[in-house]
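Common to both upcoming complexes is chain A, partnered first by chain B, then by chain C.
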Partner chain A sequence: MTQTLLSINNLYKSHAAPNHNSAWWNLRKTSYISAINGLDISVKRGETLCVVGESGCGKSTLARLVMGLEKPDAGTISYQGEIISGLSDKARMPYRRRMQMVFQDPYTALNPRHTVLHALVDPLLYHQPNLHRQHAVDQAMAQLLAVGIEPALAQRFPHQLSGGQRQRVNIARALMVEPEFIVADEPLSALDVSIQAQILNLLAQLQSQQQLTYLIFSHNLAAVEHMADRVAVMYDGQVCEIASREQLFSQPQHPYTKALLAASPQIYTPPNKHHRLVGDVPNRIPLRHVQHGCSLQDRCPQAFETCRHQTPQLTPLTAQHAVACHHTQPPVSQGNSHDSEH
Partner chain B sequence: MNAAQYHGHHIWRRFRRQQLWLQLKANKVALISSVILLLLTVTALLAPWLSPFDPADLQQQNIMDAELPPAWHEQGDSRFLLGTDGLGRDILSSLMHGIRTSLWVGFWAVLLQLTLGTALGLCAGYFGGWMDRLVMRLADFQLTFSSLMLAILVLAITRAAMGAHDYHVWSPWLLILVLGLADWPQYARTLRASVLAEKHKDYVAAAQVLGYRSRHIMVMQILPNTLSPLLVIATLQVAHVILAEAALSFLGIGMPYGNPSLGGMMGSGFEYMLSGLWWIALIPGVALVLLLLSINLVADWLRDALDPKNIGQQQ
Partner chain C sequence: MSLTLNPPTTLLSVRDLHVNFTSRWPQEPNIDVLRGVSFQLERGERLALVGESGAGKSLLATSIIQLFDTSARIRHGSVHFEGQDLTQLSSKQLRQVRGRRIGMVFQDPMTNLNPNLTLEQQLLQCILSHRNISRAEARLVALHKLRQVHIPAPETRMRQYPHQLSAGQLQRVTIAMALTLEPALIIADEPTSALDVTMQAEIISLLTHLCHNNGVALLLISHDLSLVAHASDRCLIMYAGQIVEQGHTKSLINDAQHPYTQGLIRALPQMSQPGQSLYQIPGQMPLAQELGNQCAFANRCEHAFAACWSQPPTRTVTLEREVSCHLVNPAPAPAPPAEPEL
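For the complex of A and B:
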């Protein structure tokens, strides 16, 4: 019986665009870049959900929203049925120990002034002030062994470690408070290819040992194919396709997914020239008008009239597979009231 | 590995004592000036025990000893190595106590500046928004006043309001308070800039994800990474405060008469300058230059030694 651990409903988030003319006395309206546009996704307990997408599609923003580092503009994030988005820092404390994050850049994710041991012992003592220091040190050493760091490295500073070792320490730190849910934002992208495999195997091994649930953001399709149970494809702050790993890689439905898979280099099969997007990533600063319809409409070779007017909704094809594309579903007659005016 | 070992080792490493020492040995100017600074500090600390006379003790003063030149002069007296002032006080003893006063005022005033500037700069940088704007506008406002002018104003008014006796009791503290409160914007601005650079790094996000409170993140995570520029400003400010104290005492509104300070000694010696009694003003002046120069040179070296690029090369 799979239970939903995390569910995100109709989430919106935009960032203020950098405006070089702005000053505190300048009351002109700030322009916004929309990062997340009505995103729906849910993570089941014990699974590994990988979210893939190109740079700037909102992956990191989503990770930060889930962890409560930013607050959404609209929509909700619930954890085991409890809404956690918009909680105050204090009210969020119980969830801090249950969900932890592994960061993209292992070089800046560790405080340069703290030793490895300090980085691991600190969270434990912070959450359990009555814990004996010796006990915390023992636990930290055990955790270091679990992620494959020699005890001799415990007194090192981050700059004395290699990238792979640092990422292991990052993972160890996240696991120190015994979370059940791990969000990893591009955990491999800053690492050498040879190290990537080690970290992937470490994540898989820790998952089976400690019954962890993973939400992994990546643009590395090979890594995703290796470890995901389900894969969600993100484009322009929305999920455009979500499916089990086998289905997504063997029968991609959305034109963007097809193009993404075709673009990843393959050793044996020649690149599929049929699935190629035209044009460029759309400008995400809406200056004068809001674009209606599918966000891929200008790049999609199959775009037709409906795509210009109606935003496709994520619609299940099978129990395991949902796509947001007008080609895989009949166009919705009423659509959004917002869109149908045009 | 046990907990005590972990803790001791951590503190040992954090100060990078060994590395600083190696860099100090390689830099002769810094080495000499830090030795001079160390000597002056030790002299100042031990002044009550080292000085041949007590400048505050009227019993030890004799008007017959007044205006004696230094001992190496043909009219000098071997009891008074650096001569005496117009009231017959031993200049060497006054000098030792004067350096003590200067360093004492410098230390406490800078500690006050550092605390205030660090707290405000940290909050401004970390919280941003209205807090940032408020603190930075306050800093701009504060910087439009010369700290010396502010000190003259406050000290002159309190002197008039308190009366001479109370003022003499309280003036060292007032001096520290005024000089300490006047110069916080430098620290706040520097720290705010460093905090803005640090707070977007992932280790801060990791600390937030772990549920640390803002105060803990600011003080335990961000502050240690922004300390080096603060340390340099603080060292330079010690020199600045000592100079300000000397200037105020020279003008007669700093340290009270019975409490010798370098500026006060120069001020009282200034009257005798034209009658050929050069040592009364010149000797404290030379001591002040020596003190300020050594502090500035040490601060200069400290800035280079704590430069992250420099540290990166060393390790």
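For the complex of A and C:
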């Protein structure tokens, strides 16, 4: 439980912004949107770390960076102490087998022209080319049973399955190569409430059976509260609060966390209007013109003078709880504000 | 069936509505997808329609204004709106009702607006096709509505294209568009499922407040009971093309009678202790052609007994509650509350 499986240090990533004003004299001036701004996070073996945040805060980019589908601009991602972020595709292969991803939309993540069986056998044969095909098929059948799909459905195509079944097939496919680490990008958001419960139970059951470690990205706080061991709240490419589940949901410190919790619909208690945020996630264009101060300053109801000048740093409150907000800590003396611009 | 067909406060009254899709093959029978839906909507009332995907929620919404696929057909039943039966109107007369008397807010604002036209063009088109006013006047109306939905700097926003606004802002524009013609009813079909949690709460409260202030009735469709719990006066629970339970939202949530409603509430992640496995409604919703002469929920219901398999339940109308379930008989004392903790 204590061993760190994945650690991300000071990660940066920006995307080229679509240039709407693309006259020929503007073509060279590509502008960038920064998606990840100096993010630090670590995942311990056997835990479920949930990352929550609005769309546009960089969740999906982070998931793709962890899986090596994109390369970071700066910073490192290390897996069991070894840096994997700069590896070539070939050198990364052994790690791809140990970490697998479940994608957001079960409808588009499966190839419509491949049967369920084909989708499951493929990754296995890719990683173990010498495996006998019949062995692979047997393993696929066993995996389908493990995720609660009748073997009779193995010959079906994705369009013949329901949404919940498709998400189960996605999970089964990720588990085919016996990974130890699963990254799931919004695994529930395309599903109905009643199906969400089934998938949540399945994920918990698989974790206890196979000692999996989960990094789950979601904006569904009710589901996060149910399954997470630790929760990281992400805003504008940074972690603004990270805590154990109990602490985050009972004593949220960051105004953004409070707003997220207040916005999450509860069936018996009416919505809390005090912590509501206004506006959208800021888009920073270009990257190097970083605005000064806290990135939430324009939306935060409690922003004060220090928030406009100094970027708050993630500071531990207790062993389990760290927050990046000027309200929870004394403002740091001058020198620090220049640090953030480097 | 009551004899007073349209009491003066009733805005919309749907009676025994059956909708089917024409089969591609003439030898196949056409199967009803909506199977006898009846409900009423008072003026200014906020009514929620909740169910799984595939239950027929969207089909019901589009059947009211006959905006459905050309293969769909209203086989039986009536839709009385403001004293006229919409099922008897010609397509020309229907166009006077759509948009003008009944506004519609769709699920995904990105695909719902035309990407090739500015917001101004789309808003003006909507106003000018129904009202005989000048362009300048129409522009003022549009600006006024955009201010009502809290769009910052509406004059500049109007000249922009949909891709230049965020999803939350676009959804506000579609709400403004639905409100411009001052309809008596707005149908919002999953207006927030394409949006984030923070936006979701904001859009729902905006929609309900605007409808309340303008005296517009609202039919709010969602699959999430916790979302509509505080945004609606009454609630319809839909399952397999039928309304299985309806009543005042508060009492429906606190004392659900139908096993399906109980299951929907219990399946919410916040209803169980973190770490424990969630309640899940077993099985799947049957397809319309699989339904015989039985209760549509019988195969998933933990209380199903002989009668559930042999005949469809009748609607039991008690004070402010309608339930279609064999368990809820008006004559004997209500039995259900004892069993659910299985």
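What we mean here is this: the second predicted complex is superposed on the first by the 317 of 342 C-alpha atoms of A that agree within 3 Å, B and C clash if a C-alpha of one lies under 4 Å from a C-alpha of the other, contacts with A are read in each partner's own complex, and residues count from 1 in each chain.
Simple rule for what comes next: contacts are C-beta pairs under 8 Å (C-beta built on N, C-alpha and C of every residue); 3 or more make two chains touch, one makes a residue touch a chain.
Computed from a prediction, not measured in an experiment: that's the story for all the values here.
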item	value
Overlay on chain A: chain C relative to chain B, clash or fit	fit
Touched partner set for A:S162, first chain B, second chain C, both or neither	second
Which of chain B and chain C A:L110 touches, first, second, both or neither	first
First, second, both or neither for A:S55, with chain B first and chain C second	second
First (chain B), second (chain C), both or neither touched by A:A197	second
Touched partner set for A:G81, first chain B, second chain C, both or neither	neither
Superposed arrangement, angle subtended at the Cα centre of chain A by chain B and chain C, nearest 10 degrees	80
Chain B versus chain C as contact partner of A:P129, first or second or both or neither	neither
Which superposed partner A:P151 touches (first chain B, second chain C, both, neither)	first
Gap in Å between nearest CA atoms once chain C and chain B share a frame through chain A	9
Interface residues, chain C side, partner chain A - complex	52-53, 166-169, 196-202, 205, 223-227, 229-230, 253, 263-265, 267-272, 274-275, 277-281, 284
Complex interface listing, chain A residues touching chain C	54-56, 162-164, 192-198, 200-201, 204-205, 219-223, 225-227, 245, 259-260, 262-268, 270-271, 273, 276-277, 280
Touching residues (chain side chain B, partner chain A) in the complex	1-3, 6-7, 9-10, 13-14, 133, 201-203, 205-213, 216, 220-221, 224-225, 312, 315
Chain B-touching residues of chain A, taken from the complex the two chains share	24, 64, 67-69, 89, 92-93, 96-97, 100-101, 103-105, 108-113, 115, 117-118, 121-123, 126-127, 133-134, 137, 141, 151, 154-155, 157, 159-160, 170, 173, 177
